[in-house]
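Below, subunit A partners subunit B and then partners subunit C, in two separate complexes.
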Partner chain A sequence: MPEATNERVYGPQYKLIGKNYVTTDLLAKVTGRSKYAEDFRAEGMLFCKLLLSPLPHARVRHIDAREALAMPGVKAILTADDLPAPADTLTDNGTVIKASKWGERGLTIEPVYQGEPILAVAAVDELTAAEAIERIQIDFEPLPFVVDPLDTLRPGGPNPRTDGNIWTTPPGATGPAVKELKWTEADFAETKSGRLPMGKTPDEWSYGDLDAGFKSAALVLDETFVTPDVSHQTLETRSAMAYWQNGKVYIHSGTQSTAQTRPAIARWLNMDAEKVVFISEYTGGGFGSKITGGVTMIIPALLSKKANAPVMMRISREEETFIGRARPGFQGRMKVGFSKEGRILALDMFVISDNGPYDAQGDSPTSGRMVSLLYQPQAMRWRGVTVLTNTPPRSAQSSPGGLQGISIIEPIIAKAARKLGLDQVAIRYINCPEGKAQYGPLVQGQMQHATSAFLKDALQRGAERFNWQGRAARSPKRIGSKVRGVGVALSCYVGGTVGFDGLLVITPEGRVRFQSGIGNLGTESVIDVHRAAAEVLGVAWEKCDVVWGDTSKHLPFTCVSGGSQTTHAMTRAAHAVAMDARQKLQEIAAKGLGGAPEDYTVANERVFRKGSAGMTLAQAARRAIELGGKYDGHEAPADVNKVTKASIASLAGQGLVAAAKDNYPRDGMTHSYVASFAEIEVDVETGKYYVVDFLAYADVGTVIHPRALGGQVLGRSILGIGHAIGQKWVFDPHYGVMVAKRFHHNKPPTILDVPVNMQWEALDTPDPETPVGARGIGEPPVGGGCASILNALSDALGDEIFRRAPVNADTILTSLEAGRPVQHPLMAHI
Partner chain B sequence: MSSKKDSELPVPPKSGFSRRGFIRGVGIGSGALGTGLLETEAAAAAPATLGPGPVPITLNINGKPVNLTVEPSVTLIDAMRNYLDLTGAKRVCDRATCGACTVIMAGKTVYACTVLAIDAQGKNIETIEGLATGSALHPVSKAFYDNDAQQCGYCTPGFVMACKGFIDEHPSPTEEDVKHGLGGNLCRCGTYMGIRKAVLQAAKEMKGAVKNG
Partner chain C sequence: MAGGLDSFDWLKDRIKRPKVLVDLSGVAELRGIRTTDGGIEIGALTTLTEIVKHPVIREHYGLLAEAAELIASPQIRNQGTIGGNVSQDTRCWYYRSGWPCYRAGGNICYADTPTGRNREHAILHAERCVAVNPSDSAPALIALDAKFVIQTSKGERIVDAEDYFIGPDIDITRLHILKPGDLLTAIRIPSTWAGARFYFEKVRDRNVWDFPLMNVASAMHVSGDTIEGIRLAVNGAAARPLRLKAVEDAVRGKTATPATGEMAGKLAVQGAVPLQFNAYKIPLMRNLVKRAIGGVEEAKWTS
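And then the complex of A and B:
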């Protein structure tokens, strides 16, 4: 492959959009001056340590903390009794979140996984706190536990929660509830042949004529596949520091979504959001595990109140292994009918999602939607069940459900192409979504549809750039003990939401200040999206400032940064607020200089009439303050969120205050797409393999910031590659405890695991359903990264080597020797 | 292991190389006695046990001696972060796996989570805070800045120091050298392409031509 140039000019019609620049937070990062939660110190700060459950499921009968409390330096102990009771809350959006008796509260008297926090001790230093923890005696009553979803579905199998084992939303209910589901012995008969049993599921949907599809198929494959549980392993753990001042709680912690974490804290603490100040200028990685931070951040907040001093909670790597979240692993089965040309005529998908013990994750239903959109089966049925287990809590992880669904179907498509004698790119092209592609499930009797899809272009251009034809035709594939294999995979995910607010101030100094409620987790969207507003206003980026990372700094209603929403949602909001600012500038100029507002142009940091007078942005800002009302924030637009209204009121009088809600229409649901290509080399004598080359070609609409985009495409590809090449959980099923719990047991990919010349490219074709044309990108590369490696492995070694990911050297060696997959076909966490 | 305990053990074999001798050499010779005693004297003199309570130590960090009082069990990373407010280096895995705590000690990159503060005495310790002189960025920081070699930034201080230590020892690295030189640091955001470019740029900047770049 030619060396990555990335010198292509994206968006030639724009000055800022599609251009590289350096975000304002970067200098601090490369000099070690960026302050993450653990780096803060407060006068008189105490440290806290957690006592974690040694058992996977138990009830605390008695806590004896007398000895600990008697120690000099121990200031307070916090138990579940000190937590506010769960209460219904009204979100900023006006929707009610019902209190759930099954929800995670931070501390508990009924631990439902090994490592769940029971209590916390605050002391003058960490050593004292740790010693106090050692001196606390807890009397536990062990309760039945389960670590493999199939074990609890068996007749008479143990339940992970006292009242059930699955999440389901009963008809008419407002939210999911824990219920009990058991399958029959007859259902489990399938396991004897290594196939996933398919008992009753609470959730199911279908469209098209499945039976007819299978009947007319030239090839039908029915495969069982297991995907791994992989911890997020953000390098910054869930550490948090908190203190109280004048009735307000101040919390420092990592988050993916600054503005949206404040209401989450308010909900957890059962207090008014206006009394919460959340500070998070830098976050050491999220990947879905810190969408609104973590519930454990209320522990130092409550301890601080109790001890009347600031409290720092440093979460160690070992603690993070338990409380730090992970992707739900799937046990999945798929039956796919292909025409002789490779078109998917019928697809029957069945998945079990290992949810862990707490909040219901959407991975299982999402996997069905992604498979439906990505391969456009003519008829499809999806069945799924979200099963609780006594393993650490799960949360969304980059491409939640997408990675799992794609990792199950992609090896089947690769196998079908080999059986039908088709090219791997060709079989994907024929099934590839295009334009306003439809997908299931039916909503009110109608298929849903995407805003746009240009994935066929990405697949075709990617194949050319990767020299797919040349590599696929290479012969011999084996030289000595080394075998080469190539793999291609498609991937997609939701790429944006709508309806959030933009907020900016044009100051009397003539600068434009963007109020950014986006979290700074490293994606750069916290800064990037505002370039779309600067572009509309024709302001040089050097004249712009971005305020972020502190909810006391008057932030607008902002989307959460999860599910690749931000670039789409917040460039829309940025566009809307720029249009509002432009309108106000035109009106101010017309009021002062005569004529109609529409006679005025906003450009080059001025508002002016052609060939006539104008004023600078600084002059207009001063004029806005004189005019007051809507011009300087004394009046807010009626349709913006109440959070934005409060921020506008606080900013009033500082200059020209512009605020607007994204009311732009959108036809369809926004998705982004990637075509991923990989070449690997396997040493069949050792089982060891390397990724030799990799390319991800993205369809993400308009490119906003190439550097940041490339970082996301390659970085999240590597996250996916980790799922293929080695990351997984291992549990002792007898005791229900984690075996591979050290960082080195489960190391994310390093520079040694990735090819030297890893490449990316993007189409830069605007999405027609959003004013800036940009969609999000964080998720799609993940599924492509994982599945392209799996497909390259089966290209090199044949279809009968593995039936689950990750594929390790021992899997390859033992399977090659036996001539069939020798791993346990179904068991979780091995 | 304290030297007092050591003196009670049998005499080492004649070969002069034993596990115990090795431990003594690494654990004591380089640390507690780094203040001047020779290793041979260590076995004979049996100095007083340090700890478990706090002991006064002096660290030479970024060219300046700093005095602090820590338990002998305190690691260099904790001494820096908790006692000296040097929070650039991060404590991430705390078990010598990820490299987020990398500093340069006596010219070698080390994991500060796996060095005891008392053992770091008498050695020049370079941290990210000491890298920049005045307002100018160090060439390594500059290269990270220019090549977007970070996302969340949590691994960055460790990576920057690992790169500096690597380039100091390998002024003309090839891409393959870079791979092995930085295999001990981990970026969960997967910014390795940017990091690789940054190292090559910094090496060029710091010395001149790149052998095979």
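And then the complex of A and C:
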């Protein structure tokens, strides 16, 4: 990651908020001393290996493991028969969600994608386990399969699951169900002209008068676009180690949420969460693939029980490609009507989301919401279908649905600006959300709205800083075989949730200890958010400690770090718990030193009355223990989650225990925004292009930790850029198997694929609907990263070069040669 | 086994299971770069990093230094050897996944079917198999007229660089002439082309750690503007790096200009047959050959 080159002073009124500092986990990370799941060893530990399905869809008729089990050193085998029945979910408000019969369980007798684990073998070492796996004979009955969503929607097309090919939620149902959907030959006639067929979809919404919008439009564009399926490819694969002690299972693995992985494990193992201890101090990246870890972590847990020994499951890079999750690719089509000033009057959006074989992903509906918010069309319809295929399971990936929606619409806006003779920044400015911007779909007849949006400021300031006008007016654009192009894109995503708990202890030594249930997935929010509480309490950061990474360490109810929730949700919780601590300190002081609580100020590690005596935090903590009750955790607030209550009870008596639920009001749904700018240089003789310059200008509310923010803004921009410049899946549809399994085949971007001097900036304008003013940032840069590159490419090469991402030398050269797009317009996974 | 970068993939994938593996890394004689009367000799186990950094290679045989520096990534160049780079197997994703194709002794090419995924495969000289040679150093060595020194059970054998590589017409199961028991010990580069006008270009999807979609290497003796001598090779187009003799003959005596390059490029791709996903390789090869002869204009942007 290039050093964030930002030197602005954020939050001048604050001591901690907006300031850079060194997080307590940094030294261990950069010196290699941090222990990830794979680094743990336990006495007598066995290793396990997985047997993966070679077929994209099959039924296991018979497993013969006799030879393997007879091998010296082989200790146990685990098959789907050994898995506990899927557990129902009891939500916090008491609703029971029945376990889905289509859900993923970790091992299976009906593999629905190539690479799905069928069984696992534990042995004294990995080599023995691998050899044992090869000696197991499996009799498979091949079943119909499909890897391209369009192929299963065709009349008579194969179904990826025995009972259907799409996810839909029937009216009145509690959850999505697998159903069958086939389109007609007439629907598919569209493919002859390279346009996406638009058959019946189970889901649809609209607002405004679409027809009137198109009628009054000065320009109507109707474009088909395909976005790539992209594996998460976290640096740390989903390795896991597990053992049992006194009826409790201990699991080490990576996660995006320490606190919420524990109940997930309990559900997968169908056991009481109190019997689960989950340890995850460091996680090598998640991006949505490890929101609550991964279901496969139960494999070493169950093998450990069977073999009565700790079991380590190291996941190889190739295995991770199969089981490590990916973003659903979209086959999308959009018809957009523009006024002559470039305002979007009507927008008709149609998407097919390639869901893989398991749980329904929200990318398809989310893409409609994001497009609606980001470009504020006066009338809009969204139609979508989430199609199952026999390809590896999907999960949310940074900006799920947002990346795809933005990648489909942005090139259309760029094309419209050229056709209408408008500046690219100007056309985005007039469609840009502002303030409490509204968006669809209608909920109970009402448009939804954002908490705030200052994207127009970010767009304008970004354009200035990037010298947009100068670059866009570059002349000539071509020298020799080199052509320059510039692109700008808007981007947004959900930026926060509400209602979680904060928990801290002021110790008798006068230190403030934050209990952090956030996963340490590399964003630093696990530590950063607590600075907001320290700021309220006026405590020097050197006097603070953060406890994280182990569910036996009394963690509060915490949001998962997915969907850019954490900075918003957990600074609110941090603010709430700091206010609770302050109140308790004031009350303790008043009890001991007289006067009313509100007479007392909390600052400089003391609670005191002006011109009068006070006490130190250490004295107050000792006093809290003497007082007991709510002051030292013997009583918990009524409204905190039961998980937090259990942690409070465990911490009782350790000092002043403060706990609070985030009950702050919020008007609107929280989103963050980015304006992204890119310049590229293409060599039209080789098709090779370089990203020359890049700037992301973010509207994320109050800046909490500039260096971490810069890392997110640029890192997630790179994640998006990867979708434009090369990252993809390649499948052979005849065999239903993935051929691009290695990094050098599926091409995640490297640090040399982006400019050395990538730039970022943030407005630092507080969101008015949250006490600290901060919103999340993980997802919002992603769509802009991808779309700014796509737009720069069409600026350089014209609108008739590509109809899909990624765009590489093959696309560019063949299209330039032919003078029209020649790549297959619809085919998935090429 | 030399640096192990090709071999370990096969072993870790449990596709190749040799009974015996000989690690050559302890054989000192196979390492190092020596200047000789007629040029230089590079031990087969010399790492790519050593080649990139070597002052004589940089000064006189810069074509090789340039090619070597574009191989893979710094870590891989530290471990990978020149002998390994020229002797590595193809990266066809079907073959490397252990599919029983022609090259693996079977009787089908999975990449060359109506649904085969073949973006990175051959446009020339395909015969049953459409895999390509992935080496970046090979075309540079051919252009420099290098000789490969092979130790066989019958003694030493020296072959021209271009004859070290073979296509499926000769042996579909290997990319080079080494037979069991043979060992590539050194590569000798004569001084014939030292300090000539060189051109090397590699086109790849990523800016580091990527095999070539295609590469080109040329060495030219130019007098005034006239090409007096030229050696030209392309890799990534066929199962072996192709020395383009017909192009060399056609441009010898002509001026080293874009116009000659255009003509050469068109000649180079004669007979090229695209597969479903690799038609871009035809204009790519045409343009790379053009640039190797006529050069490429540097873009100097004013703002």
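Everything below uses one rule, namely that the second predicted complex is superposed on the first by the 820 of 830 C-alpha atoms of A that agree within 3 Å, B and C clash if a C-alpha of one lies under 4 Å from a C-alpha of the other, contacts with A are read in each partner's own complex, and residues count from 1 in each chain.
Please note the rule applied: contacts are C-beta pairs under 8 Å (C-beta built on N, C-alpha and C of every residue); 3 or more make two chains touch, one makes a residue touch a chain.
Remember, it's a predicted structure, so these values are computed and weren't measured experimentally.
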| item | value |
| --- | --- |
| First (subunit B), second (subunit C), both or neither touched by A:Leu403 | neither |
| Touching partner for A:Val112 - first (subunit B), second (subunit C), both, neither | neither |
| Contacts of A:Gly470 with subunit B and subunit C, given as first, second, both or neither | second |
| Touched partner set for A:Tyr690, first subunit B, second subunit C, both or neither | second |
| First (subunit B), second (subunit C), both or neither touched by A:Lys482 | second |
| Which of subunit B and subunit C A:Pro733 touches, first, second, both or neither | second |
| Touched partner set for A:Lys747, first subunit B, second subunit C, both or neither | both |
| Touched partner set for A:Asn808, first subunit B, second subunit C, both or neither | second |
| Residues of subunit A that lie at the interface with subunit B and also at the interface with subunit C | 742-744, 747, 749-750, 752 |
| Residues of subunit A that touch subunit C when the two form their complex | 130, 134, 318, 470-471, 474, 479-482, 484, 681, 685-688, 690, 725-726, 730-735, 739-745, 747, 749-750, 752-753, 808-814, 816-817, 822, 830 |
| Contacting residues of subunit A [partner subunit B, same complex] | 4, 22, 25-36, 38-39, 41, 126-127, 233-237, 282-287, 314, 316-317, 521-524, 707-708, 710-711, 714-719, 742-744, 747-752, 754, 756, 758 |
| Subunit A contact footprint on subunit B (complex, rising order) | 71, 81-82, 85, 87-95, 97-98, 100, 127-129, 131-132, 137, 141-142, 144-145, 148, 150-157, 160, 175-176, 178-180, 182-183, 185-196 |
| Residues on subunit C engaged by subunit A in the complex (per definition of touch) | 13-14, 91, 93-94, 97, 110, 113-117, 119, 201, 203-211, 213, 277-280, 283-284, 287-288, 290-291, 296-301, 303 |
